[in-house]
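The data blocks that follow each hold one structure.
Shared between the two complexes below is chain A, which has chain B as its partner in the first and chain C in the second.
Presenting the complex of A and B:
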């Protein structure tokens, strides 16, 4: 069978068209929505990543309700410490403005452990410019208190020098004249 | 008939503009529910909430100040809580570097720093010259090797400069885990997709600092926008202080800078 030139051209063009159309259709079916808007990835993934709900709030979100603690925490040396590090995440505690759970409060030896996470002199990489460190139990001996004392028996955990400063004011006691 | 005086400061054009702006901003808040009551929390990164987010005109920078890091591990704890990271995997971690007088380097990182560093190392015989902590997290490379190798387009650099993972698209082949020079990626054993530090993209878009920056008690971790010339990171980068990036010779162009990093830090 001999085909004319025109018929052959037509067959080639039609098959090209079918292939292109099929390819485009296949691409459309296989590629997810919003693929290629910014580049070879799903642009909607950015919005999805932005929409993930947060779990940590900020100190300001805690202070909205806990005004008494805020008053102490904001004035002391520990003002840069996040509430949520010691107490747990905001979203475990509040949802849509309502309390949904109680966050733990550290007690006794837990407090000492927590304090020494930062304030331990044994770890040498702690510059005096950044943090005041103590060696335990030498610090207790130096201060003439029982070696079983926990940190919070002298230091308020939210404002560590609160009681120390007050004691100094009341007794006119100074470090030098001890 | 008495014609009411229009407000002297507002002509018709600016009135229409204001109304339109208000509508757009309002509708954005409707389209993007912020999750819980995060909008009630004061904004920490200025200029994110009050203007429409221009995704093509953003530049965020993370600075880790090694001289201020005390190795408390707050950042690691916050990170684990923010994302419920499975045990044994870390989106961010804090390494302890110990340098002896023989220039020998000892690095350890028990449990990624999650438990903090409570005790000094006892297994080193020589005298110790220098010791410091190095927090590690995603470097947000401008030329990210992990993005190059992804066969399905699941990991990408968003127009605002964040390297993110599309968890719906990821097939868990772990090519990117091998490609990352900084080892910040891991395969989540629960979801079977690759996960990595995102500099808390969901928090940044809500105008909040990343969780690790928020909890850092000494300001060793700093985050901010380079489009805001009042931000701390802008002024650090503008200033004369020496900043380094990790593995500069690899040409990845990280947006994570280190202040006070010794040359041994890799």
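Presenting the complex of A and C:
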């Protein structure tokens, strides 16, 4: 082919233009349909997200069948804590008002690990105003017990100060400001 | 949870939010501004010759274009390595929006890549036309493609080429400046990290980019010429060192002014930043970045500027000072990127960063990522000869 240099450059320029146009077209084709209806995201994503089955109930959903635990939990210091944090989700346990699966129940050492996930002084960013923390093993040493004790040997898991308040009442041992 | 019970607790001081414990933007994100910076600085050298007619830079002009190209090819590599799902970066480019700073980078990157490639093609066209006739096979085909299959070297078309080069370099400068200024802007736009979120970020990044790029060019030129036994153009090195001195003074002044104005104003997070610079960063910022890698080069550059010295001596110190300044910029990127993340959003606690060897973003990965541009440069040198024949004299 005998083309002048200028013509060749023009062809290069035009192909660049075509390439850009093709890119824009491809971009248009690849975009999902509902993109940009409300903002820079797929509008259908909202409807899809709404269809995702709900895994968690609330504490109220547990109270219906677990009247005994409810009675303790509602009166204790842990009343604001979600049952499901410690036990697992409603969805794995109940379907259509009937029990369909067992939830894990922590025992012994596992209980200590569980409690320390929230109550460990090592987690610096926890304000004492919101949640009281303890340092281990000092906390056990302070109570003069073996360091192998688990938290639930003194604290009721569902109402952590239940026994302790009772013990204080029995011994008439009170502290100012408590 | 081993962060709570395990060894990690030993490294943190004061209140560190659990999600601040880990430095998420690690060494790959240090390399990202470093590599784009090298591109930028190398491009400045080429621009000084092609647009501003600084004739003494002629021996380096073509080389710095190729250098910029080799590094530009790898500019996004660290980012992609940092991502868990690198292929999804294309989604971001498909759906750009003003709230996505990174998508903007993708587009600016693509444009600068295109412009640079065409500058190289037009600058090299006369050589490529000659090489086309002396080469065989696939290489010949490649040469035909990148010369647009034209042998036309008439004065008219060469003049046209020169115009095109001037135009491309002309738009190339703002694009290069935006490319790297944008990297600074991306960091400056992170409100959550006090040491980043300053409008000065793009400026500081830009000057240190020019600094690192020019140093890299000087060092690479001297080393490659020495190894291949060719002569070194003294005028050229002198001009480079002068330009380097200018950019270094600007970069260093801004780096320090930022710290001083914050500490004078005692602005917002100052108590926290002060603790950072004097605590976890004490050695990497004050000792390495400021004292060793800035004050020492400042003295060396001063001596080089004010005292006469022999050619060999001058070249030696030029190489040394460039190497130190390359390190300075790397450390500066480190102190900004990793240092900035060492303070918790609690505005009280500091954490620590421990580089790993074999991590996806570890030290080995850093070495590999930094080696790739040099391999690309080597491949490019097989296609585009670095040096023009008129400075091909070998040292005897």
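Methods note: the second predicted complex is superposed on the first by the 123 of 178 C-alpha atoms of A that agree within 3 Å, B and C clash if a C-alpha of one lies under 4 Å from a C-alpha of the other, contacts with A are read in each partner's own complex, and residues count from 1 in each chain.
Everything that follows uses one rule, which is that a contact is a pair of C-beta atoms (placed from the backbone, for glycine too) under 8 Å apart; a residue touches a chain by one contact, two chains touch by 3 or more.
Keep in mind the model is a prediction, meaning the values are calculated, not measured.
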Chain B versus chain C as contact partner of A:4, first or second or both or neither: second
Touching partner for A:12 - first (chain B), second (chain C), both, neither: second
Chain C versus chain B, contacts on chain A by residue: B
Partner chain(s) touched by A:27 [first = chain B, second = chain C, both, neither]: second
Doubly contacted chain A residues - partners chain C and chain B: 35, 39-40, 116-117, 120, 122-125
For the chain B and chain A complex, residues of the former touching the latter: 32-33, 35-38, 40-42, 44, 55, 67-74, 77-78, 81-83, 96, 116-120, 128, 131-133, 153-159, 162, 164, 166, 168-169, 198, 201-203, 205-206, 208-209, 211, 214-215, 217-219
Touching residues (chain side chain C, partner chain A) in the complex: 1, 4-5, 9, 12, 14-18, 93-95, 97, 99-100, 114, 148-150, 152, 154, 157, 160, 164, 344, 346, 349
Contacting residues of chain A [partner chain B, same complex]: 32, 35, 38-42, 45-58, 60-61, 64, 78, 80-82, 84-85, 88-89, 91, 94-97, 113, 116-118, 120, 122-127, 130-131
Residue ranges of chain A in contact with chain C within the complex: 1, 3-6, 8-9, 11-12, 16, 27, 30-31, 35, 39-40, 116-117, 120, 122-125
